[in-house]
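The structure appears right after this line, and notes come after that.
As written, the chain order gives the labels A, B, C, D, E and F, with residue 1 at the start of each chain.
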């Protein structure tokens, strides 16, 4: 069960990585800056996982060191060796580990959810409950763990909730008004909590119907009802999904199960980095 | 046990909050943008904690809505009412909740650590293991939970580790070289793993000696040794601190116990927000 | 035929407006800065269209003056009057006119396309051929003129073209691989140029099939073929759409007709702004 | 008639190009990101003009691909080949074409104006009516078409209009006050609409006198009047300049003719880009 | 002798002031942040000059406090009182004083130069030798002291030096090539060091001729030579201008004397700020 | 007496250098851009100090040219030669010289202070009186001249002044409140002006006691008093330190002497740069 996740291109991510490095380095690494000057020492780093889990974020950790290397005095660095300057290793270590540990923790828990329903057609999807600033990367970690991403933000899909329906004066009115204005390839999803709302959403032409916090039997009825009318509409279950409940939810026949669990209930995977100093001899 | 935490001024934090809003809003909130136009609807929000815990981050959540309100068409908003535009509530909801849930989770676990040692002189301190981009706020959450912050980055204190010592040729040499160059109010901390290193650090004039991953009895000996020579030097215990082990560590007599646990092992506290639509009548 | 377009929130647009003002003001408005100092003069502005057309962008023009007013020395400005400082009017005039003239030109031509097919079910959609930096606003202008927006960028819908198909080894393979990785509410569109490709796209589960540069009779056949198999799949015509050809294309029964014409072939609508200086008397 | 235009250095333009790429790529190119991963495919691109015209902006289009290549995983790319990664070609294509098509449209129409007066001493100059955000590049396109740039913004020349004169209390007063404050190498231009104003501007020491919207015979008189008093003052005609009227205006003897026509009345030149996939064999 | 200087609009300057505040505040004012929380204390500040001199930069200092006030929790601040929050005063004090002291030092020395030639027609102008980042403000301080600004950067005037002449193959060639490409209202200045170069510059149509580092008698000859041929060309003396030499230089009849002295040889004017704490009573 | 200063890493400084280049280049170097196009000319630069002094900032000047070279069309530049493109030299010259002249002036005056006390234990430290925007670099220049840096901003040390003491209700109260909230490795410094305050600061556990503007005999008493109670507390003298008074102050036995003199009373060191054009032959 190997998933290849889609990482946004570096032109999108690099500004983020830059800001992380500046957050940690501040006005300069006092310790390294005071001790590792003059001659350039090179080194390399071994990473070890002290815990079983799914590793995510290694390309990002590598990019952290790559970015930092661009700012080192490259002309002093002997080329053609797989080692990089020690000060780069020391200055980038914490940031690289922090992101990899956080993302690996998410990927690990995601996979545990995914395994519960691996033999069923339902697919796990994530939510917009992500750490502010890390949306793209935490959703990447969910992919690494085997989930599919839900919408990335408020702009790439429409999700109609109770306040919207109230503002529009009904589900049908809301969908009609939105279809006139939103970019046409976007999907419209409607949150429903009972069969009346499910029916209204179905009749109004929703692309996705979310069954929100429904008891299992009600969810089962809703799926049956929708499927008896349409095979195109996607059905998403949401609300209180846990490792214990997810399988039963999947068995109702929904297409997608969305949960923030892997993001909000995961802890960091314990990784460590060991820096190996290149001996002076090896360079001479 | 109430702690008042120090939140950095908004001039420092606002750019961060802005970037979070843009991350979520992207090119615009399709749903709200399509449905809530024309007349301005006002509303207000109730926040509920579905779980016991320490709440952190409410001022930040409030600031999210304040920032977003600056961008609303203020001249259409009736003044003098405690309600704010509905589209501001809907667009800011997720970001405000996400940060408050994350920070409250940290504060809650921090407090559990702190309670274990509340009657002992040792104080809990955090680390640089923080989510990239959230350093200031996660350390604020640690304060809310009762901890003291350790250094904020690589620039506001010196921490000498094995690689630095190797580069300098010894603890004494490292400290001497650093004292010549670093800003003079900064402290120098040295990581030690055995008594020989403790002695070297003490003799070389370290301000803080970290006892890293020492067994309890060795830690006890180290504290005795240091205290027999100096009452000024601060002693910090670090490594594998858990809710189970922290009390025994504190009883060795160390001044500070540092752990990333509240940040890396906490989950989000479950909060929810309920938007109350102001009736049309109340405005007429 | 009045359309209400969705303008992204100011938190998204303001940075753009700022950069435009700085582009024009540079190191400072030499003329205004040298002549309009000391006492604050107020004024207001009349806008006139010297040409018939659809006006778009007035809220943006107004925002330009609003932004600039934030930077004026507000405490010198008598409040409660509908006039704003003269230097704000003079410094913002060119930027405000430039954007409104450009957008109105687009809206005007868009409407001409839309009118040609107003009685047919087909809807006009725009493309990614937009002036760099103005994507959101030019697409807003298209909405003002009566079109629906197509995808806003490379990230909110999938569009499979020949190079992608070649890379994947076929349409079916491409769609299968993409479904595993893209956010699930996104749509997949496939470009086709003949019936074989149309059939492959249909069988592989494309959400939207683009008929690219097809002769009218081929397009007609493609529509018949698709409709005989599915009523869910959306059909989009594209390529060489002009005011002369659009009606015939719409009559083939496609759902959407996409063209960059309103953006690439429109000229600016001629608008002018007349500044009325408030007399000194009216302020005394 | 070949003109070599002055393109601002990349350190000035690159931030602009970056923002364009991010505008189009958003959170990542879903199609390319999902299909072109793993092995690096290389390709190159042929550009074709489907319309006769003056091409402008090719260096900028090339820079778009160069910038994007910096963010590709360069270590996977075989060096020494003239091909670049396919994902770079696909992600940069639209932005590169959009800017080149827009600028080429401007250059093409500019040249048509220039040709009308090629045998006369008068020179064509552009205006500040440029697309917000594209000032530098649209003025570059005007140069490519054979025009000379007028002032680039509000800060590199003084232009005194009616509102300024009213504020200062007369042309002479305005010029005197400005000369005390503006950087001394800057020129002062005064807008005039009749001979009285022309005379006042001449006497007050204006460097450039603009004849704004004057009928041809009045313009002729104004030129005669100015030339009888000074050969240093530059004379600029402005207002309602079209391909039909420009030659007659030039024949009045003015030095410069300014018009926004090439920017506001041009359409995009039709260019297309064909991507050639490098065969797998050529890399083995 | 009072000069009113032109300060660029705040939309241009504010980002600079922001960056200064962040430079000083870093992650937060530890002292003020720890002590001045809870209730809002108000205060005001008296500024005192401990040295005679020309004060420059007070509007900028005031803006520093204004900007910082925007970030204070304004809803806690009693309105209608001339006092501002104490934490704003304490956090902005150093930045406000630093800029005012630096600019006042420049204005003071500028005025001493200006006074030496106050009865002569020659005017003092500044140079591009300014502290990186402070160009606009140091040139503003020069204006406050009575000087006129020279060009603001490399883009708003042409200055031909020896390397340029060598590259072009002569003064005439250089001017001819530049006239084809630069924005037409810009001036061309040529550096000359002897009469041959002066003659070449004059013949080639330079707008301004700089006499660089010429002995007084040679400068006198150059002025005579130029004036015998043209009264339009501006003459600028440059090089080794001091308070002792400036008067003799002005007496040669040059129009402008440029020197970096006020910027590079001035020291800070000693200013101090006294914060007055509003008593608690006055608020009750 | 050679000091090796700690320069912050380029990832911290580069954005600053970028902004300086853009400040000077504006919309493009008109002179160089018009003359040095087409073929790439190479050159190199000799730097000369026209004045004796301590040179500081050469690595920064070199970085200016390095940054600018990244934006040159590198593929046209013959590699393996020590020359860089002429347009890079001409565009970067002023910025590179300006920063080096300013920093060298500071380093030179710093060294004069340092020499006065070179045989005494007291060390010179700088202050927060630095040019806005240049804090890190001016403090680097102070290091080059032999001083030690004081705190870098409001966040990396606590400095309790009279307003803070008033707000807290006494020195002891202030220190106690701060210790609860500030990051624990930070030092607390208290400003004192008489022996009563010195005693209070000592008893309250201040890490550093500043003797502010004390007469020499009072300062002597304060040092004696402090030393009779503690050898850990650092003592800093401040206020009216000049080249004439510094030695006597040092002889009172203080550990540190802080003064803004090297920053506020230094003038620029006169440096010049001579560009050597590579002959065409050497490239062929």
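Following the convention adopted for this analysis, contacts are C-beta pairs under 8 Å (C-beta built on N, C-alpha and C of every residue); 3 or more make two chains touch, one makes a residue touch a chain.
As the structure is a computational prediction, the values presented were derived from the model and not from experiment.
Ranking A-C and A-D by contacting C-beta pairs places A-C first. Taking each chain's centre as the mean of its C-alpha atoms, the one that lies farthest from the centre of chain B is D.
Mean C-alpha positions place chain A and chain E at a centre distance of 50 Å. Our note on geometry: chain A versus chain F, Cα centroid distance of 43 Å, whole angstroms.
Contact of a single residue of chain D with at least two other chains is seen at positions 4, 6, 25-30, 33-34, 91, 136, 152-153, 155-157, 180-183, 186. On the chain A side of its complex with chain B, the touching residues are 16, 19-20, 23-36, 41, 43, 86, 90-91, 94-95, 97-99, 101-102, 128-136, 152-161, 163-164, 166-168, 174, 177-178, 180-183, 186, 264-268, 275, 277.
On the chain D side of its complex with chain A, the touching residues are 18, 21-22, 25-30, 33-34, 37-38, 67-68, 71-72, 87, 91. In the complex of the two chains, the chain A residues touching chain C come out as 3-6, 123, 125, 143, 148-152, 155-157, 180-187, 189, 207-208, 232, 234, 256. Partner chain A is touched in their complex by these residues of chain F: 4, 6-12, 14, 136, 152-153, 156.
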